[in-house]
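In what comes next, chain A is part of two complexes: it sits with chain B in the first one and with chain C in the second one.
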Partner chain A sequence: MGTPCHFALFDLQPGFRLDPELLASRYRELARHVHPDRFADASEREQRLALEQSASLNEAYRTLKNAPHRARYLLALSGPELPLEVTVQDPSFLLQQMQWREELEDLHDSADLAGVAQFKRRLKVAQDELNESFAVCWDDALRREEAERLMRRMQFLDKLSHEVRQLEERLDD
Partner chain B sequence: MALLQIAEPGQSPQPHQRRLAVGIDLGTTNSLVAAVRSGLSEPLADAAGQVILPSAVRYHADRIEVGEVARAAASGDPLNTVLSVKRLMGRGLADVKQLGEQLPYRFVGGESHMPFIETVQGPKSPVEVSADILKVLRQRAEATLGGELVGAVITVPAYFDDSQRQATKDAARLAGLNVLRLLNEPTAAAVAYGLDQHAEGVVAIYDLGGGTFDISVLRLTGGVFEVLATGGDSALGGDDFDYVIAAWVVQQAGVSADLDPGQQRLLLQAACAAKEALTNSALVTLSYAGWQGELSREQLDALIEPMVARSLKACRRAVRDAGIELDEVEAVVMVGGSTRVPRVRQAVAELFCREPLADIDPDQVVAIGAAIQADALAGNKRGDGEELLLLDVIPLSLGLETMGGLMEKVIPRNTTIPVARAQDFTTYKDGQTAMMIHVLQGERELISDCRSLARFELRGIPPMVAGAAKIRVTFQVDADGLLSVAALELASGVEASIQVKPSYGLTDGEIARMLQDSFKNAGDDKVARVLREQQVDAQRLLEAVEAALLADGERLLDADERMAIDAQMQQLRDCMAASDGLAIEQHTKRLTQITDAFAARRLDATVKASLAGRSLDEIEE
Partner chain C sequence: MAYSEKVIDHYENPRNVGKMDAEDPSVGTGMVGAPACGDVMRLQIKVNEQGVIEDAKFKTYGCGSAIASSSLATEWMKGKTLDEAETIKNTQLAEELALPPVKIHCSVLAEDAIKAAVRDYKQKKGLL
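And then the complex of A and B:
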């Protein structure tokens, strides 16, 4: 849409805290205007334009909807580009990370569905806490380095929740 | 048409003119066509009052029969009568062989990898057979609605891959239909159901047809149908129930499983009849080739249990992918004839802990929904003023082959379409000047477990040390769910792109030949038809430009731009008056080009206005 910033596209102030309902309703409204279905009968060029605009709208929505993606996007907006995978010096989290992984492996070996459900609930709580910490940290410009570290932790938990889904799928076989 | 038609709410540029568009459910067993008439979407009947057209085509040397007559002839003339052709769409010869020896046809290879069925009328590809079904529906619609169709929405199983979608679109083209959109069947059903019941919230659509199974989870919010996740199996359906019953009969009767095509058809018909009878009775008598026996509903349940279980597993996965729990699903809608099987209903009810809904005829609901979408896409305003918006997803992940025969996902499954995403790759050898791009679809890690969609080569990369080149591969999936891929070397600007032509699709040569044949057979005056189309297009463009100029001409154009557009419009009108086809085409194109910038400005302005409008409302609140 020619606008450089995803937040501006949805007419939102750049920030970590956002109302998901508001974001969703603005997304739906914008999608109504640019979706290719509105141009089913239009010229090829217009259809292409609608396709491109719709695709970038969908991409912007996907980025803002997901907390780790949003955090990463915010950091990238205000600073140097962040490499996707880096070795982060975060020893206190490293231990936790290993614990999560070990537990997940045990659940895999024992095929314990109730255990998986409980693991998911705990993971959700940890994610909510982390989101809150990031939000607080983000409000303070001096704590950028910490914000970056928290974002990496969020990414890890996001990946972990994806792995839980894969495990559920395997256990369902 | 070059310009955005942005009508004020409640105001249509041509208020008295309704443009004819239909929804077509091209099913494995049965097909239907529906249209919105007097604000109501309903299936259209043939001269005998039948709305359902069996998806059966029988080829004679000099003519083609489609529908009930053809189906009835299947056991008598099995080699020339094609049933369940949808199962062959977009499949390779090897896939088809894997479907089983059960298919009583003689296959031959074609110019492409697609299997052709040998008939008395020569080899027929699944695309042509499907086109023959679509032609009958098109003629029915034109006769009933009294005019030429602007276009059609054709439904496909949500779980259809790129090849299967492309094959369906090719079939529509062959049948002379303008495809407004390929629409996923469960999404179409959700539209029919959602508008009928004024439903809101999370809804699951369980769609078990003759040959395909889909499960979609959607969120319905004020006319917006947002697919959260979809899943399924494009080779699971009621036909498979018939096959297991048939296998059971063969075993019980102690006859050889090596049947001739006519016997096979008879056996499958008996199996299908038994399955249908067991919907309302607990026991049915089956006879085949001198053997007679009884099949109980419990036995049927046991026979189909593995398939029912497969469908439930896909349901659980779709719910997980949607990021919700089973109990958050507020309604489950049953679609497809095979959901009449009692065990299927019971199993779905148990999984979701709620009674599934079947308020709209499960055979008709998809076509009804597709017609609503077609009507909207053709530009007709809905009676209740509520605008539809369908946000669908891709069913299977898309990716590329990387080193070691692994698939690297570029777009994961259940991503909202349209979508465009890029991924950067590099060379692995010093001085490497070319790179093979192998496009894949599927969920597994090994490329041998995924479907190969296309291969193409990016050549002319300037020689560099390994790892120095930066090749950006962009995937784009349009609103029909069809993929195109482009590759670009960033330093040199070397480019290669393809519209993904499925490995099992028809070649351009084959399509050209078939189109030519169909023109010949139709006996149509092609030139007159083309001229008529050109004039219609030109007229529509002129009307759109006029409306746009009236609305935004002063605001968005300077005097020179305005003059150029006016002059071009006049030129187009002149050649329309002279019925000069070639000139009409050229000047239509020219008018489109010079109004392009205007169109883009209007689109931007609309987006801004929609935001500004809303912010204002909020301030007022």
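And then the complex of A and C:
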């Protein structure tokens, strides 16, 4: 028997749209049950089991919490697993990514905090749009190629949002 | 993780950073990305009438290894014919830069960018 599906672990139906609050509260509840502290006096076998469960719970939570990770996981449930490292050639999207990176570089050079805040809002809108597009096509076998492309775009934006946060922290100092 | 001296050299003094007019019929543009790292790479070549790459430019947003791989790729492409440039392998780039295994995909990205630039040029000229 393989490991249970990440969604089943949290008693959720596999799907892209999910309530982050619900996921977080179920995670906390489950994490309490398998917390190693609870097994301090248990047998070695029980301790090991709890540790394994705790690790797979954390892994499942990390995967489902993050939109591109969740998207990639969902696509792997309904088809072959998609490699993490690939080269994409998605010209119009990459061109836009290049422009956004240039903008971010300029914001960094000018230490423009208001500009960064505005950039962040724009990025959030783009991420929401992308999530919405993915949500309506991921489980349609005929649109799998499109779903994969959207998932890759999500990965780029996710990485970009990390960089925006890093820049914010640097400018705050 | 420690970068090799060659990576640091290319990272600190990248060769051929810049942009060419993508509409110019003698220019081929390759635009590729690595979604998991968020790297975006643009590599451009200017080809003369003898089919020799006269100039190459790049712009890469990404880690030091990705920048070094594309910088080295532009150096190697200059003076080569299109067919010669297409034979540049990621393993050669990785070896020259002493990239560690986790950074091999950066050199793959650079090889894919070379191929994409050559293909773009050939498409423009109706050679494909």
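The criterion applied here is as follows: the second predicted complex is superposed on the first by the 166 of 173 C-alpha atoms of A that agree within 3 Å, B and C clash if a C-alpha of one lies under 4 Å from a C-alpha of the other, contacts with A are read in each partner's own complex, and residues count from 1 in each chain.
Heads up, the rule we're going with is that a residue touches a chain if its C-beta (ideal position, glycine included) is under 8 Å from a C-beta of that chain, and two chains touch if they have at least 3 such contacts.
Since we're looking at a predicted model, the values are computed, not measured.
When the shared chain is aligned, chain C comes close enough to touch A:M98, but chain B does not. In the superposition on chain A, contact of A:K159 is made with chain C only, not with chain B.
In the superposed model, A:D90 makes contact with chain C only, not with chain B. Once the two complexes are laid over each other on the shared chain, residue contacts for A:R32 go to chain B alone; chain C is not touched. Once chain A of one complex is fitted onto chain A of the other, the partner contacts of A:D41 are limited to chain B, with no touch recorded for chain C. The partner of chain A that touches more of its residues, comparing chain B with chain C, is B. Using the contact criterion defined above for the overlaid structures, shared-chain residue A:A114 touches neither chain B nor chain C, since it reaches no partner. In the superposition on chain A, A:L142 makes contact with neither chain B nor chain C.
No residue of chain A lies in contact with both chain B in one complex and chain C in the other. By the touch criterion stated above, chain A contacts chain B in their complex at residues 1-2, 11, 26, 28-37, 39-43, 45-46, 49-56, 58-59, 61-62, 165, 168-169, 172-173. Contacts from chain A toward chain C in the complex involve residues 84-91, 94-95, 97-98, 101, 152-153, 155-156, 158-160, 162-163. Contacts from chain C toward chain A in the complex involve residues 31-38, 40, 42, 59, 61, 105, 108-109, 112, 116.
Residues of chain B that touch chain A in their complex: 1-5, 150-151, 180-181, 221, 224, 226, 313, 316-317, 320-321, 373, 376-379, 387-391, 415-421, 476, 478-479, 540-541, 592, 596, 599-600, 603-604, 606-607, 610-611, 614-615.
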